[in-house]
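Paired with subunit B in one complex and with subunit C in the other, subunit A is shared by the two complexes that follow.
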Partner chain A sequence: MATERSTRDGSWYGDGEGVNQLRGQLFKWGCLGAMLFGIVMVFVLLAYVAIDAIRPLTADPGWHLTFFLTLVAPTSALLGYYGLRDRRSGLVGAIATALPAFCLLVGAGISLLLVDVFRPIEWFGTAVALVVAVGVVYVHRRLRTEPAAFERPIVTVGALVLAVVGVPGVVPSLSQLFRNAPIALNPATMLLYSFAVPVAILTGLAIARRRESRRDGLIAAALTVVGGVLAVIAAPAVGIDDYLLIVLSLSIAAPTAVYVEGVVRERDHLVGLALPIVAYVGTFLGAALVEAYGFAGPEAWLDWQFLTSAHSRFPQEAGIYPALVGSIMMMLVIVVSAFPVGVAAAVYLEEYAPDSGTVGRVVGLIEMNIANLAGVPSVVYGLLGLALFIRYADMNTGSVIVGGLTVGLLILPIVIISSQEAIRAVPNSMRQASYGMGATKWQTVRNVVLPESIPGILTGTILAFGRAIGETAPLLMIGAAAVVFSPPGSFAEKFSAMPRQIFAWSHEPSAEFRYGVLAAGVVTLLVVLLSMNAAAILIRNRYQRRS
Partner chain B sequence: MSEEPARPAFAGENRTRSAKESAIKWFLFVCAALSVFVTLAIVATLLFDAIEFFTRVSPLAFFTGTNWSPKIGEAFGVLPLVTNTLAVTALSALVAIPVGTASAAYLSEYASDQVRSVLKPALEVLAGIPTVVYGLFALVYVTPALQAVGIPVGTFNLLSASIMVGVMIIPMVSSLSEDAMSAVPDSLRQGAYGLGATKFEVTTTVVVPAAVSGIFSSFILALSRAIGETMIVVVAAGMSPQLVPSPFGSIQPMTSAMVQLATSDLAGGTAAYYALFAIGLTLFVITFSMNVASNWVASRYREEYE
Partner chain C sequence: MTESGFLSRRAFLAGTGATGAAALAGCIGETGGSGDDGSAETTEGGQSVSGGITITGSSTVYPVSVAMAEEFEKANSEVDISVDPTGTGGGFENHFCPGNSDINGASRPITDAEEENCNENGVDPRQFQVASDALTVVVNKDATWVDSITFEELAQIWRPDGAQQWSDVRDDWPDKPLELYGPASTSGTFDWFTENVVGEAGSHRSDYEATEDDNNIVAGVEGSPNAMGYLGFAYYQENSDRVKAVSVAEGDASNAVEPTLENAKSGDYPMARPLFVYPAAGSIQEKDQVYEFLKFYIEQSETDIVTEIGYVPASADLRDDNLETLEEIRNE
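Moving on to the complex of A and B:
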């Protein structure tokens, strides 16, 4: 086509004034410049927001010097070494450094739920009820080896429903019974049973599988429980409620220990472990020195007070806590609603859907429809939520569950599309092998396709959840509160989420709100978002071994 | 399961199992069909309430009226909102289309693998930032910066909001265009090189024309995103619709008007409440047909090679 036009013009490549190198160079650098324009602009704006939120210049020079010497200089030197000599070790080090910080965020999220939504007794009751339900299902499978049609699914679902929900008004659920039972346990003991023990079992299983030794698994599980008990003992010294310290310390320690154990055991780029040691020792040393010499830190807007208090008219006292809890609860609703439905839809479209015939045409329509739904403006989804959930289903205006369901519908197409891609990447030979051994379609899906594609599904889904946590327009449409002064106590209560709260602050005209509180809110939101994206990338890299 | 090969009945094969299999299949199908239900629900709710609105306000007054003040005076002319939406879209396209296309050309034709592995994720970051944050950037940093360099913009203005909308949709243009350019077979490039073309000529006279359907479809998709973009304009562009918008002054696009209606205490059943759905329907029809058009352009004008 290009040659046609050139001939028509009567010119040929390289005709006329000869080859002009300047033009090509200008074009190349122009393209690069245009590309950098957007990237640089956004990164500069992000830097501005971070500086406004933390205000590093308000700190003593001594504070900067101390942390530079104890933290920045050693870690930079180490990073330089990794970058030049040993990139794989650098990656191991980066994961080992980021993992505890990320787990701290997750643990803090669980703790917030324990403080505000599920009391420890409710958590304990549900956990025990679930154990009973699983036990019933297990015994049933053992006793009835030749079940009638749908006997097993009915028993499974029935046991779970009885355990957690019960029949409203007729039969109270098991977890309800346990909650009301006269159990004389304090919160810490309850969480030792219902949080430390499951974590211990998971850790033990992970270690036992990797080391192929039951004894090592048992030791790891026992160590985890001991860690939980130690947390209870250490709680008064740290100054955090003992039951929260169990959750925090175990959710940091268990995954980190499992990861480090893997690195040490396989002697896999052991040098990388120097990075977390240098970084964390540097941080604590710097903090101790700053304390000892009395250097004042920066007067950051983003501080402990901001994270733990509610909105206030006075910028110095304003905080994001209720909105933070609201966002976490909304995410919980989204995870429970959009994730299973999205994955199930993707499994149908990739594994079951026929290519031809009437059903095939319907499926083609569904796929096209999903692609188009992904492009519908979020504000329209807000209208849908308003009409569907509030007007027709008569749920509470602006409640957590309405927000979660609405935003869940919004990200459903993204979840479906990314799960489809992950499922498509499973090689067909694996399915054929499974069929060859006499497995049915569902057995193949359950035992081969899903386990193989779950890392890819998780990666795409976490990215979609990242989009969900920043969505504001649907929340405005369904009437989420601009400002709440306490976190929602249940899923049917009115709530505010982080982006909603940030939007409310944008109406405040004073400079302190505009450049201070607002910046701190934005940085909080971005940190949550960034760690979710980092988790997604980490999962992808870790399981990218085959392709 | 029509495409599955017929299997002989094994010992474990029984009626229970096939009943279970088909129950699972139907359950999964229902999950997939839920997306169709979502579309139907969107169309139905928007349509019913928009019809309700049009029984109170005539469609003629809605689509040709030049005054939008639903609270005071009950004037429901949607034209100013539409021109404001178009203004935001056009200005943001001025930012996103050149930058996005140039980025795509650089990534696809010039960048080494190492450079691409750094720049591509950096560009994706732009798409991951919540739009309310972009809105704040426009309000808190871009507008004062524009004022500092002597551009007479108000606190809320069209210009800074459009710049941010443009930056937000850059990754959409660049990633889809880059896919289209990378899909151009290398034999075409080699052929042009063989005829004595320079790299610049290969890019502009071979690769871009060959990928033009994909590039155009990315433009349409990005513009549809700009039309539906809400939080940036709500935060930074103000609340006063102008029939003829000025880039330096406050405006109000459709999305922003919807948010204003929804967040002011509306009594259900008033014309203002139903106006929400009438604008929503207008917006939905525009963006949905643009998405369909984008798919159509991509498949209709695709150059098939080999």
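Moving on to the complex of A and C:
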């Protein structure tokens, strides 16, 4: 159908049969097809895994009907109303509904860290030691208003080190002293002081700043502490350990309350708040009715038992808990190691590195190779980790710290590149303005470049962490265990991570493992990953609105 | 507005830094302190043990070790057991002999080279047979012509330049091409089959579908009426509705024995191969938890725990011998 003329005999190009729209149309439909194909494939895969994990068809029809009537129908009706009449309220409602669920996940992660990884007493000791350290720094700043060069950083670092680490073998750290001190406090009281009080202070600050009223801030802080105490009182009725309930309830209630308070105070699309009420009341009502009428729910592989127990040779009793904790501890190591190194490297490359002359060419070569490193297969990083950390540095095979450092190396190039992009996006005029006001290079980087680029850096970095949590090949190479029965007690102990555990399940002879338990593991991993991405989006939106 | 934004971001940076430093310090702080706790607690069992046990080695022994670990953990929750299927050779080379693992599972006896390697590092491996695995020859459900097969016929099929068609092996079998599925050459199953059935170490044909995962053998054989494969009995047991097992005779075809756990335990089934664990003598003597775990492992190796997984349990005699050996090592 190519009917372009070979000669243009003076006539207007495009006139008559000279132009054919078919190619353009074909291209458009081709692109549409590609998009649909990709999205449908991913969606089918996810739906397949989710159905295997939850098995909705095993539930009683009555169960489905109950939840349809109490939850699905009213929520859909409300959503339809928002869609037609009031989209802005719909957004407010969606945030208010999603926030508690998201906070529940984050709260669960925090409780894992506070309760299982660092036991309450350790956390309490560290918190108290940190308060003392901050107090020392504050007093020092007050007394020495004109410090010598580097006096302040030295005092700050010294106070922190003495508080948390101590001098190994000579001076025990403050936090260890508090840990071993004969303090007759139960875990609940310890967490009230060391978790509820900081959360209360943060909530109070947020409210005080927003309402521009100290009194309101104080009231909010007091209410938060009261909430923590109420959690302790309510714990026996709920059936969860009281110290766990403090962490869980506060990490859900505090952010939700702050958000709702904002909506209510501004009287801004109040109708939106109907959505969370309808959704959550519907859920609880449905659960109560199902209980009352004895409708059996789906025999889901992904249930509370799965999340809280270790691997078992019986599929019904198998769980992912130790691997989940292992993954979270590994993420902690990755964050602590890859984030500062990556950001520092990006700052140097963007702000300090010369871009001309011989050195400039070397820097250009390095930058190019960082981009290449981002594409090196993960199994190669696994071998690197094996050689570097286990063979050379003689760390424990398959320990959390080796896993975290290895995967940290893997995502380091991505962190560097995304941080570079974020730093590059800071307008040069802002730097020039800073110099123009007499600021030094260091002041400009600290006060202008970093604050401006932090949202971009965080977004890119959290997406990289999302990749890190799913990496399997490096863990195989460094010898992370397929199965552990209790979460690692320290960072030097052997661990298993979620992808490693899932890989082990895929080799089980029994089909129940390969389809059911494995699918439940995949969904757990995806939920953790999606909530990390959601956090990235939240952080980005929050800071974008400010600047 | 902008000013407050700056301030809060700086505060955020400082906060992140402080949290990071605290977390890092927490790691360091805890590593030192974790060694001395957990020793004081006692349970109703009189003495309780704590500490870590690292198990590596054969992926065939892995399910047995996982099951034993699971049961042991129920009574001794203070013990942290990690189990990792690294392959028999990989486990000896990379984990056990360098001293990073307490117990290595093996689906074949340790080689002289491996033993030497271990001794050089001051690791003294001791052998315990804990179970047997009945290798199973499987064919498609529709392959009605074959019910039994002899070692010689298996050798004809699986040796290098082996038979191309079913009829090449036995005349009354059809003129159809053989499609072969088997474990990859890294596996202990492959080694045992080559040495004991084909007859000579390393002489296994290479034009077959080799896989690391026995589930793939099941899927391959299920998919084609002309297919044949061999795998561990546990995988056949789970999939007995998808593929058909063939009776095997070491000599004459009329003596063919069906692959069942009873036949393997009684010694009638010719393709049962022993599975071992190799603990380090030093670990048994120095770590109470390794000694207690091994004692439990050996005691339970004669029970239904092993049968449920699809392996052949040890005989009572073997168990008693093993317990005696364990005591001797402990008191050396």
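Heads up, the rule we're going with is that the second predicted complex is superposed on the first by the 491 of 547 C-alpha atoms of A that agree within 3 Å, B and C clash if a C-alpha of one lies under 4 Å from a C-alpha of the other, contacts with A are read in each partner's own complex, and residues count from 1 in each chain.
Here, contacts are C-beta pairs under 8 Å (C-beta built on N, C-alpha and C of every residue); 3 or more make two chains touch, one makes a residue touch a chain.
This one's a predicted model, so the numbers in the text were calculated from it and none came from an experiment.
Applying the stated contact rule after C-alpha superposition, one finds that A:401 touches subunit C and leaves subunit B untouched. In the overlay built on the shared chain, the residue A:370 is in contact with subunit B alone; subunit C does not reach it. Of the two partner chains, neither subunit B nor subunit C is touched by A:61. In the superposition on chain A, A:239 makes contact with neither subunit B nor subunit C. Look at A:336: by the touch rule set out above, it reaches subunit C but stays clear of subunit B.
Once the two complexes are overlaid on the shared chain, A:436 sits clear of subunit B and of subunit C alike. Once the two complexes are overlaid on the shared chain, A:168 sits against subunit C while remaining clear of subunit B.
With both structures placed on the common chain, the touch criterion links A:42 to subunit B but leaves subunit C unconnected. Looking at the superposed arrangement, the partner reaching more residues of subunit A, out of subunit B and subunit C, is B. When the shared chain is aligned, subunit C comes close enough to touch A:496, but subunit B does not. Looking at subunit A, you'll find residues 479, 482, 506, 514 touch subunit B in one structure and subunit C in the other.
Put simply, subunit B touches subunit A in their complex at residues 1-4, 10, 12, 15-17, 19-21, 23-25, 27-29, 31-36, 38-39, 41-42, 45-46, 49, 98-99, 102-103, 105-107, 110, 119, 122-123, 125-126, 128-133, 135-137, 139-142, 167, 170, 174, 192, 195-201, 203-206, 209-210, 221, 224-225, 227-231, 234-235, 255, 258-259, 262-263, 268, 276-277, 280, 283-284, 287-288, 290-292, 295. By the touch criterion stated above, subunit C contacts subunit A in their complex at residues 1-2, 5-6, 9-10, 12-13, 16-18, 20-34, 52, 54, 56, 59, 62-63, 66-67, 69-70, 73, 77, 80-86, 94-95, 100-101, 213-215, 234-235, 237-239, 308-310.
Of all the residues in subunit A, the ones that touch subunit B in their complex are 1-3, 5-6, 12-14, 19-21, 23-24, 27-28, 30-32, 34-35, 37-39, 41-43, 45, 48-49, 147-150, 153, 341-342, 344-345, 347-349, 352-357, 359, 363, 365-366, 368-373, 375-384, 386-388, 391, 409, 412-413, 416, 438, 440-442, 463, 466-467, 469-473, 476-477, 479, 482, 499, 502-503, 506, 514-515, 518-519, 522, 525-526, 529, 533.
The touching residues of subunit A, counted against subunit C in their complex, run 118, 122, 126, 130, 160-161, 164-166, 168, 173, 175-176, 310-313, 332-333, 335-336, 339-340, 396-398, 401, 446-447, 450-451, 454, 479-486, 488-496, 504, 506-511, 514, 543, 546-547.
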